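Below, chain A partners chain B and then partners chain C, in two separate complexes.
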Partner chain A sequence: MKRYFRELSVAAALALLLLVLALVAPSFFSPQPLLSRLTAQTPSLVVAVGMALVIICRQIDISVGSQFGVCAVVAGLLAAAGLPLPVVLFTSIGSGMVMGALNGWLVAGLGLPSIVVTLATMVTWQEALRLFQQGKFVNLPPGTQWFGLRQLGGQTALICAALVLLALAAWAMKNLAAGRFIYAVGTDAEAARLAGINPRRTTLGAFTLLGALTGLAAVMNVVQSPQVQPTCGAGLELKVIAACVVGGVAVNGGRGNLWGVFAGLLLLAMINPALTSLHVEAHWEKAIQGLVILLAVVADGLRTRRSRR
Partner chain B sequence: MKRSTFLTSLLAFALVTACDKKSDSSSAGNSSDGKKLTIALLPKSKGNQYFATVEKGARAAAAELGVELIYDGPTNTDPAKQNEIVEGWVNYGVNVIAAACENREGISGALKAAQEKGIKIVTYDSDTTPDARSFFVNQATAQGIGETLMDTAAKLCGEEGEFAIITATLTAANMTEWRKNIEARLAAKYPKMKLVTTKPCDDQKDKAQAEATNILNAYPNLKCIMAICSPAVPGAAEAVKQAGKAGVVKVLGLGLPSENRQYVKDGVTQAVILWKVEDLGYLTIQAAVAAAKGTLKTGDKTFTSGKLGAMEIQDTDIILGKPFVFTKENIDQFQF
Partner chain C sequence: MNPVLQLTSVTKSFGAVRALKGVSFDLRAGEVHALLGENGAGKSTLIKVITGAHQPDGGSIDINGERVGHLTPASAHKLGIACIYQQPALFPDLTVAENIGLRLEKTRSFARVDWPARRTRAAELLQRIGAEISPEAEVCSLSMPEQQLVEIACALGAGARIVIMDEPTASLTQKEQQLLFAVVRELSASGVGVIYISHRLEEIFALADRVTVLRDGESVGTNAAGELNETQLIQLMVGREVSHIYPPAEGAPGEVVLSLKNLGCTAGGVRSVTLDVRAGEVVGLAGLVGAGRTELARVLFGITPADSGEILLGGKRVSISSPREAIAHGIAYVPEDRRRHGVILEMPVAHNITMAVHHALFPGGWLRFGAETELAQKFIRDLGIKTYGPDAPGSSLSGGNQQKVSVARWLATKPKLLILDEPTQGVDVGAKSEIHRIIRALAKDGLAVLMISSDLPEILGMSDRIAVMRSGTLTAMLPGKSDAHEVMAAALGKEAA
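Right after this comes the complex of A and B.
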């Protein structure tokens, strides 16, 4: 209980928010908007899972938004060219893996700081995409949206896929050696090395996996509407890093739980619709989101100070 | 990286000047003989559909008037590259430069230098500082945009009921100006309509969709969503479609026909508003030629431009007129 205090307090905050809504604006829970909203969050959840691994590994990747945009345009163009969905899916995941592995190689192989490396790749991918696509939307052929299923079927499929992936990743982090390696490297890379873990390979793996998940998430975004906006990844890195931090992933590595990240993402994602449902002016939205993130960071800071004593 | 771009531009500059030497005598001869005028048309970026459509209109006007048209610009929006191209044209010896300025102040120096060499400057789409050009071909005034949006929304709603606005950001200068005009028109003409909320979408289609979903949920009596930045129009339409409210809640906005075609055809989006981009190119070349020939002078109140007829001039702005409303009936005629 005490061990998961952070995660539980985020879940409690989310529950409180939902309770207020249930009392004041019960229409918030009508099935259609709720389903549309949750579906819209599935790509962010998938990227947040990968981001959590990278942060637990004591690294950061701020290029995921750009990677997401590149993968979405690649997926969109292939789909528009009439290629079947599995090809689109695997090419997008592959593109993400390549971009993630490049980050991983620069960080783990050359020992460069991840914030600088991914800042550089963020700008590079983003500008290359802008040059290539000139901001033009990619119009998708009919039958791409919702994998050709009905809207309800497509939404259910996306939500189930994201939840299964989250559960698998959470299980793997706890029970597989690779998961334990990530925690070990994030806590103390030198100690991990002495224990026989290869910190470089672990870091490379975390970045590559984040890239692959970003590629998957891009397809999950593309199938939600009949067109792809090339700048669709803008700001995604902030959103998923915020979800990790709010969800209790320690920014200096070694600690974090994927279910906490899930709760953090939901909490942040529900603030906007909640404020609209409560008829609060739009000016407040970003300030309140910032406040939630600040609270989480302060809570982390207090905890580290206490544990040091 | 920086060094190589510098070297490339130096090389490009050397090439341009080398070419000039050869063409110098002939082009100078042309203009002094009063034969063919050379008009240079500068877009913000070359590969963009919007400016490709401007070029199409410009070519039509150039053919009609029998002038030479050069069309060149940065491949990507790049204010520094615009300056380089203008300097190249000055050396080449064109008669008029018509520019869509990426950076209002940034390009004014290069344009003034061109003016000093006797080249006429006209701007279109986005202006520079007034002292760096003779005329600005203004595609739409804030008042024109605001009034057309509000009038169209009122028509779609039967002049009564609730509506919401989705904008890019709550602070963007042009959109704040449009919103002021929308609200002024609302207060003056449509007492039975009510603006319930204004939400920002950060120029993101997905965020616009999320905001529209929230609005539809929070305001069940809503009759119309007005999207005043272009990614918000398909975003709002997708939200209305997913909510199963196509046709019940109307969608309109400022945007490109190509980004909204399917939603318009499916009856989700009722109206997409924009100026006729081709006409903007046509009018720009008409004005450029008239300015070079001296038939268009500062102080004129109207300007007669070929097939478009008489255009109003406010100060030194030539006004293209009220924006155009694309609907199910006419959207297929427009490819941009």
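Right after this comes the complex of A and C.
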């Protein structure tokens, strides 16, 4: 209870928001718009899971938005060429893995700071994609949207897939040695190394996994619309990092819980529809999101200061 | 003649550790006063009290005959106290003149810099100490002794009357030393009082007018340097009664577990170490701080791998290039910095204990919490770790119990060789004797133990044999029943008298 206080307070904030909505604007909960809103969040959730691992490992990856764009275009072009969906899916995941592993190798192998490395790869992928695609959308063949299912089926499938993935990752962080290595390396890489853990391999693994999840998320995004925008990943990195921070992942590593990240993501994502339902101008969304992030950071800051005393 | 600095019965404690137990010390103008003592005798604490970094708990400080109530680093600076550390604290990317200017110029934040004046002053100060350094040179391009000279120039420029030099020659060549000595003599000739800390006895005799020896936080006497010889000095440094009962050695040592042949590591500063450690034996590794003991342990554990010589384990030649490999070969290393590297404070006791045995305990990488808790409870019981359970975070334990968790982590790997680095540093007396009992019991069970310690009585009380290191290599192999004098003499590089 006390250990998960941080995560629980985010969940409580989310519950409170939903409760207010239920009382003031019950239309918020009408099934179809709600389902659409949740579906729209599934790619972010999948990327946020990977991002949480990287941040717990005391690193950061701000290139996920660019990776996402590259993977989405790759997936779109393959689908447009008529390749079957599984091939599209695995190629997209593979592309993400390669880009993630490159970040991981530069950070873990060469010991470069991750913020700089991923800033460089972010710009590189983004510009390469722009030169390659010239801003053109990729039109998808009819069978691609919602995997060829009806919209309701496609949305349900995406939400289920994202939740299963989240549960699996949360379980793995607790029950696999690799999960504990991530916490140990993020807390103190040198201490972990002295205990026989290989911090480089752990860091490389976290980045590669984030890349793979970004590739998966890109496909989850592609199937939601009839065409792919090359700029679909813009701002994604900020969104998922914010979800991690609000969800209680410590920016200086070693602490965090994927269920907290889930709650953090939902909390941030629900602000916009909540404002609409409450008939407040939607312009306030970013300001309120910023305030929530600030609140989370201040809470974490106070916490560490107290525990240090 | 009135002393420029007078400390009277200064005391200072850190928690339960009494670092200074009423030290009196005086420094006269124009003298070089050497401060000597073993590791942990209280020299650094005393220096920090003088520079205002630590506030004494009791006693008084007079500077130039006036009582100083509350000394802070800023007020110490104003009163003319300057300290030159082994590693100069300069800004490497700025020039010499800029560094000196930053220290000495008292200007408002937005005042214009008077560059010509800044350069002239730097050149003057450097000339006064006979240093041939350009004020325009960037500090990172200077050698270590040149940087020290810049520090001394700063001290002079600030009008320092009291200059403290903390092992200034530790990284200098013979020629650089001579240059530094000349500067020290000039300083004292100009009326500056110099407190000179060094482990090199020949320097003490070459430079010092008087010598004060600290031992266990107390001053054991101040003498004119001419009144003492080396033997007497060493005797003053070590001569104490053993106030602690050590568990006796049992049984004869077995076969050789670890054998080092001319082992060296350039990066780690270890050279040509030849040493055997047998099963059932505790080999104490003695030496001063910086003698290369921890560095040797780090070579053995694959943190800074060896680049010359051989490591034989159980008679077989092995190469160790990472902690993972060292663990696979049955080597365990309980590091010195317990709170940083020995125990991950944020993690529960159980996680800490199983940290180095994941591969053996959890085949396939699946954690089995039952097995983990069981292992943790076994060690909590066996080593008498005081904690409310395997789930308690490492930070909730006392220092001694954290150390036991650190030891448990390594015993869980079932090692053949256990390397302990300062196993009882900063733990209380009760935990200390418990840890000693555990070490002895482990040796009795056939473990080969290599114990690094700066606590001389601990080395003498625990070791079956004592290996003494100095300047990165082994200088003496002494039997366990040696006396403190011999060990200290070997650590200082002197023939025992």
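Criterion: the second predicted complex is superposed on the first by the 309 of 309 C-alpha atoms of A that agree within 3 Å, B and C clash if a C-alpha of one lies under 4 Å from a C-alpha of the other, contacts with A are read in each partner's own complex, and residues count from 1 in each chain.
Everything below uses one rule, namely that contacts are C-beta pairs under 8 Å (C-beta built on N, C-alpha and C of every residue); 3 or more make two chains touch, one makes a residue touch a chain.
Computed from a predicted model, the values in this text were never measured in an experiment.
Novice: Could you tell me if A:Ser277 is touching chain B, chain C, both of them or neither one (first, second, both, neither)?
Specialist: Only chain B is touched by A:Ser277; chain C is not.
Novice: Hey, is it chain B or chain C that touches more of chain A?
Specialist: Ranking chain B and chain C by residues of chain A touched puts B first.
Novice: Should A:Arg255 be classified as contacting the first partner (chain B), the second (chain C), both, or neither?
Specialist: Second partner only.
Novice: Go through the superposed model and pick first if A:Ala177 touches only chain B, second if only chain C, both, or neither.
Specialist: A:Ala177: touches chain C, not chain B.
Novice: Please indicate which partner A:Ala234 is in contact with in the superposed arrangement: first for chain B, second for chain C, both, or neither.
Specialist: After superposition on chain A, A:Ala234 lies in contact with chain B alone.
Novice: Using the superposition on chain A described above, determine whether A:Leu194 touches chain B (first), chain C (second), both, or neither.
Specialist: second
Novice: Would you please give the residues of chain A that touch chain B in one complex and also touch chain C in the other complex?
Specialist: Correct list for chain A: none, the interfaces share no residue.
Novice: Can you name the residues of chain A that touch chain C in the complex?
Specialist: Counting only chain A, the residues touching chain C are 174-178, 180-181, 183-184, 187-188, 190-198, 254-255.
Novice: Using the touch definition from the top, list the residues of chain B that touch chain A in their complex.
Specialist: Within the complex, chain B touches chain A at residues 45, 47-49, 75-76, 170, 197-200, 202-206, 209-211, 213-218, 220, 231, 234, 238-239, 242-244, 258-259, 261-262.
Novice: Chain B touches which residues of chain A in the complex?
Specialist: For this pair, the touching residues of chain A are 25, 27-28, 30, 32-33, 36-37, 40, 127, 130-131, 134-137, 139, 151, 221, 225-227, 229, 231-232, 234-235, 272-273, 276-277, 279, 282-283.
Novice: Per the contact definition, I'd like the list of chain C residues that touch chain A in the complex.
Specialist: 301, 303, 322-324, 326-327, 333, 335, 340-342, 344, 346-347, 351, 355-356, 358-359, 362, 365-367, 409, 413
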